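Order of writing sets the chain letters: A, B and C. Residues in each chain are counted from 1.
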Amino acid sequence: MGLFPHKIDFFEIFDKALANLLKASTILVDLMKNYEDIEKKTKAIYDCEHEGDILTHEIMKELNKTFLTPIDREDIHALAARIDDVLDLIWSGTDRMSVYMITKPTVAAISISEDLLLTAEMLQKALNSLRAKQYSHVQEYCIEINRLENRIDRKFRDALGTLVNETNDPIFIIKWKDVYQHLEDASDKCEDIANILEAIVLKNA
Amino acid sequence: MGLFPHKIDFFEIFDKALANLLKASTILVDLMKNYEDIEKKTKAIYDCEHEGDILTHEIMKELNKTFLTPIDREDIHALAARIDDVLDLIWSGTDRMSVYMITKPTVAAISISEDLLLTAEMLQKALNSLRAKQYSHVQEYCIEINRLENRIDRKFRDALGTLVNETNDPIFIIKWKDVYQHLEDASDKCEDIANILEAIVLKNA
Amino acid sequence: MGLFPHKIDFFEIFDKALANLLKASTILVDLMKNYEDIEKKTKAIYDCEHEGDILTHEIMKELNKTFLTPIDREDIHALAARIDDVLDLIWSGTDRMSVYMITKPTVAAISISEDLLLTAEMLQKALNSLRAKQYSHVQEYCIEINRLENRIDRKFRDALGTLVNETNDPIFIIKWKDVYQHLEDASDKCEDIANILEAIVLKNA
């Protein structure tokens, strides 16, 4: 640590990280709704995941060099790690579709992806509100993210029910259960991000 | 933070949280052993899960407002999060049984649920001992919880073996593997709670 | 805390923990490549897992008694927990092979195990370099571990593709998907360890 502590705008990096997540979620919805140019779209999501890795690494590196941070270091660390998790899960979920040679997305997969995109939009709004110190807005967006997570959870369980009770092709079930699980896990990690943002607000209120 | 720091009895909230977990585990055993009024019992577990969400939120909110805590804040945070996880897993495990239209619990599911109930009882005793500063008792209960977790783990793997080697209905295997996994994960999270309690004891010894 | 704060060499315990992980990984490769004396080899991995439990417990106990630590306590805690996770996953992965009465490892399982062994070797080198304060070497080994994790990830997804698209025995798929998942998760936890080591270096640079 030098005489002049290193300064860094974490909000700016998180801004980039969430814009990147929004981009990946947008491509995910497009992939699900228009299941063509699959390789190109999956590659574009992979690029987002890779960009996310670079941003996470940047955040972690700066964090370890910075003495004073605008928000608690463990919160910065957790935020960066969770955003990275969401991107990983979106990427590997779509990758599974290629690996399993899936020929057509299910109605549930499209619908869950659309809710993931809405969630990513809310996360971006929540972060912007945190930056602007509009704490009550952060809380409202976080409540909305929780609501979306519950909705995705219900869609996931209904989709499992449909799979298991209306399909008698076990390999089809195995494939889709795996893809759904990735999307549901991505949604869970988004809720974790909302919880961290809410905790930051409470500490600063 | 005002002039008079906010005071809160975390033990009291954790007491409620563990009583709630014990209630959910009791209903779980009843559901497994007497597989009737399924909808009503599953709904009762859902209510516990929801009550748990409220308690967790309360703990997190108080934690962020409180400067001095009887035990380390990260331990309070981790305890609350893990108790919440156990309830989520018990709830979603039983929910899967409805989603998959399971008609009859297996012997293994009953047996694992009974051990989960025993674990919940031990957790409550361990917390009470911690509150009473009877640290050696906490450690004894935690050893017992570890023992129960190992037993559940063995029952889980034996149940998987039975499923995979004695059933030739892959969809039946997929359904039960998923339900068992939820119960096993709940047991793992109980062990995490015991580990946190043990660490608190060591720090205060 | 007495007058003379308790002193403990954490590096020495981590040294033992990683030697133990290396031993387990070596037996894993031997088990996969020479699938005979299965019970004996699986038992030997179990013994490593058990030895790991004892070492983790020792680290956690010392950590809670020690005031001054050479590296941040949360890093020591996370390192110990993650090494324990890897051993648990290697053990339960091989245990699943017995439970599922698997008669012959797949080419992918052998290949992933070999990469896990390479990863364990790199982890040991990274820790030794950290102890010797050769920080640039730590970073190089961590990059190598990340590279290995990516390779295992690709092998895992290719193995899933082979399973699902070239096998029409769903129960075979269920068994191997589960075993592969354990090995892949072990690899993920190794990457977590590398990330912690990298963070320690950044904080000390």
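Everything below uses one rule, namely that contacts are C-beta pairs under 8 Å (C-beta built on N, C-alpha and C of every residue); 3 or more make two chains touch, one makes a residue touch a chain.
In this text the structure is predicted, and so the values were computed from the model without any measurement.
Annotation, chain A versus chain B: rotation angle of 120 degrees from the Cα superposition, expressed as a multiple of 5.
Counting the residue numbers used at the interface between chain B and chain C, under half appear in both copies, so the two copies meet with largely different residues. Chain centres here are Cα averages; for chain B and chain C they lie 27 Å apart. Contact with two or more other chains is made by residues 170, 174 of chain B. Residue ranges of chain C in contact with chain B, taken from their complex: 60-61, 64-65, 92, 95-96, 99-101, 170-171, 174-175. Of all residues in chain C, only 157-158, 160-161, 164-165, 168, 170, 173-174, 177, 195, 198-199, 202-203, 205 touch chain A in the complex they form.
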